[in-house]
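Structure first, then comments.
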Amino acid sequence: MAEPGESLFEAPPMGEQERMVEAILFASAEPVSVADLNARMPHGADAAEALVHLRKRYEGRGVHLVKVGDSYALRTAPDLGFLMQKETVETRKLSRAAIETLAIIAYHQPATRAEIEEIRGVSVSRGTVDQLLELEWIRFGRRKMTPGRPVTYVVTEEFLDHFGLESARDLPGLKELRSAGLLDNRAPPGNLMPTEDDDDDDGLEPEDQSEMFEE
Amino acid sequence: MAEPGESLFEAPPMGEQERMVEAILFASAEPVSVADLNARMPHGADAAEALVHLRKRYEGRGVHLVKVGDSYALRTAPDLGFLMQKETVETRKLSRAAIETLAIIAYHQPATRAEIEEIRGVSVSRGTVDQLLELEWIRFGRRKMTPGRPVTYVVTEEFLDHFGLESARDLPGLKELRSAGLLDNRAPPGNLMPTEDDDDDDGLEPEDQSEMFEE
Amino acid sequence: MAEPNAFENVTSVDARRAAEALIVDVDGYEGPLDLLLTLSRTQKVDLRAISILALAEQYLSFIDQAKSLRIELAADYLVMAAWLAFLKSRLLLPPEPGEDGPSGEELAAHLAFQLERLAAMRESAAQLMARDQKGRDFFVRGIPEDVTRTRRVTYTATLLDLMQGYARIRTKDEFRPFVMDRDRILTMEQALDRMRPLIGFAGDWTDLSSYLPEGWESDPALRRSATASTFAASLELAKEGKIELRQSETYAPIQIRRRSDG
């Protein structure tokens, strides 16, 4: 019979310890030392031994257990690095001018440049439109049947995808924005100067959900 | 002997494909769709099959392969959450109104604001929907084909991911609720009930969640 | 605390406590339906077997109590009370022949449905929140891989950014007087600032129009604004005793001159 104190804190079986080490290493933002592992695992656990088992388990897999200094981390196998290109994309927040231009096109499409300028109250720089075209969030629509036959802009499938919309018609109107509390009173009127929007980024891209409920 | 054109692009063996899927999913914090996996893997690879093998391999491990909508992700096993205090991010506490609104959208989607208000018996307060949109737990769905063409809300893949759901069909108790008729959009008899909203309310929508959740 | 006085009327204490509880609680209810649901729990039966008539009475007496305690009740509570009183009469009195509209039973059944549905949604919400949650019970990869091989910059924005951007543009008219027109008008303060250093040189009668800022004469809108504010500024300066004004006849040019003693 074990001592009462011991039996209460009996170490979990090694298989369980291995799972624990695996989970901790997976979720940690940094390599974890053996001491840290032991401190986080239940009393009596032996992280060093669990690591040996874990390392064996991941041998030849797409993921490896690697030692970094005195610490351990799980890393994708180096020979598969060529698959990781998607992870190297750097996301930046769109400038305010671009967001406003995009919003006007989305709400008023097909919209001419003159219309965008009239609504924004300032001229639209060539670069802003170019950027949106390059992102493939807008494209050219039909020319307007008005004098000068100006080109128009409309939003693309890619745009709908990015913003998780099924169609641009599903965007809420002004009245709906207001009643849903989305009309931001917090934006101070002083903010009306066009600025590079460098605050809060989040880089979170909404995934494509258009088909999430379809079978 | 394979055709020369084919042999150039011969798919790697399934074991290799499994490693690739493992590495890609491992590297990404966000769920990755099967289509994305296939696009990133060598020509001829079958990510769907590799996923089946991989899922089996991770059964009972400290890390699990989970399905989120049409996508897949690796997540730590929920029973090991107690080890992760360090990783826990303090999430903003949701108000009761926000939680109920979220549940109503999830179970009744696509849900209009008027429907949410009808079920809760109070108006949806400013900021509640805003907060859920910001969390990317809900997004705009198709407008309803009812007078006023009101905006609808549906839950997102991020919502599914957050609550560990494969699809909205896996919401707890959904079947029971539906068979009890509690997800029906029942119009009040003779419209004599006092309601908050005088605007658009609902002719019954046949193509609602009834179809969306069809097994 | 001393024990309560044994001779104190216990019932009245209970009644007072109950009344106090009401005061505290009425804020806690999220609308009449929530209150009804809470009251229905006191019937201690399955929601499907609930007596709507009894519930209507409970609600009405709750409202009466609240009124007698002078609790401010939101209008929707009173609307619900009126409706329940109507429902009660429908349930108690036989329908009048030829009367149209839904029967009391139909109305009661719908109310029961609403209560059951709200209760079910609350239960579901609780179940949902009790699930294992990302970032609390299970976790994503802590080091999303970062292979700096191909570097591509993409720009992103959220739907909220988009909608708020749009709302910002469409509502900026509300701020117009302060922001938009600023560069199209000359304020009196600006005109004063312009004139103060200049009048030192106006020893002789000079046309007021010569004080308009350069370039403002050509555009009629600008000229109008500048003329008005310059004139107003000159009145201000005259009031301060700094200048004199004169106009030989109606519509003739207005002229100003520095006061020699100013």
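Every chain is named by a letter (A, B and C) in the order it is written, and numbering of its residues begins at 1.
By definition in this document, a residue touches a chain if its C-beta (ideal position, glycine included) is under 8 Å from a C-beta of that chain, and two chains touch if they have at least 3 such contacts.
From a predicted model like this one, the values you see are computed outputs, not experimental measurements.
Novice: Any chains in contact with both chain B and chain C?
Specialist: A
Novice: So, comparing C-alpha centroids, which chain is the farthest one from chain B?
Specialist: Of all the other chains, the one whose centre lies farthest from chain B is C.
Novice: Report, in whole Å, the distance between the mean C-alpha point of chain A and the mean C-alpha point of chain C.
Specialist: Comparing mean C-alpha positions, chain C is 32 Å from chain A.
Novice: Express in whole angstrom the distance between the two chain centres, defined as the mean CA positions of chain A and chain B.
Specialist: Centre separation, chain A to chain B: 16 Å.
Novice: Could you pull out the residues of chain B that touch at least 2 other chains?
Specialist: In chain B, the residues touching two or more other chains are 26-28, 30, 74, 76-77, 84, 87, 130, 133, 136, 139-140.
Novice: Listing for chain C: what residues touch at least two other chains?
Specialist: 139-142, 144-145, 158-160
Novice: Which part of chain B faces chain C closely enough to touch in the complex?
Specialist: Chain B residues touching chain C: 26-30, 64, 73-78, 81, 84, 87-89, 91, 96-97, 99-100, 102-104, 106-107, 119-122, 130, 133-134, 136, 139-140, 161-165, 171-173, 177, 180-182, 186, 188-190, 192-194, 196.
Novice: Please output the residues of chain A touching chain B within their complex, sorted ascending.
Specialist: Interface residues on the chain A side: 18-24, 26-29, 40-41, 60-63, 74, 76-77, 80, 83-87, 164-167, 169-172, 176, 179-182, 204, 206-209, 211-213, 215.
Novice: Help me check something: in the complex, which residues belonging to chain C touch chain A?
Specialist: Residues in contact with chain A: 139-172, 175, 178-180.
Novice: Which chain C residues qualify as touching chain B in the complex?
Specialist: Listed in rising order, the residues are 30-34, 76, 79-80, 82-83, 101-102, 106-107, 109-111, 113-114, 116-118, 120-125, 127-129, 131-142, 144-145, 158-160.
Novice: Residue numbers of chain B touching chain A in their complex, please.
Specialist: 18-24, 26-28, 30-31, 33, 36, 40-41, 60-63, 69-71, 74, 76-77, 80, 83-84, 86-87, 113, 124-130, 133, 136, 139-143, 150-152, 154, 156-158, 160, 167-168, 212, 214
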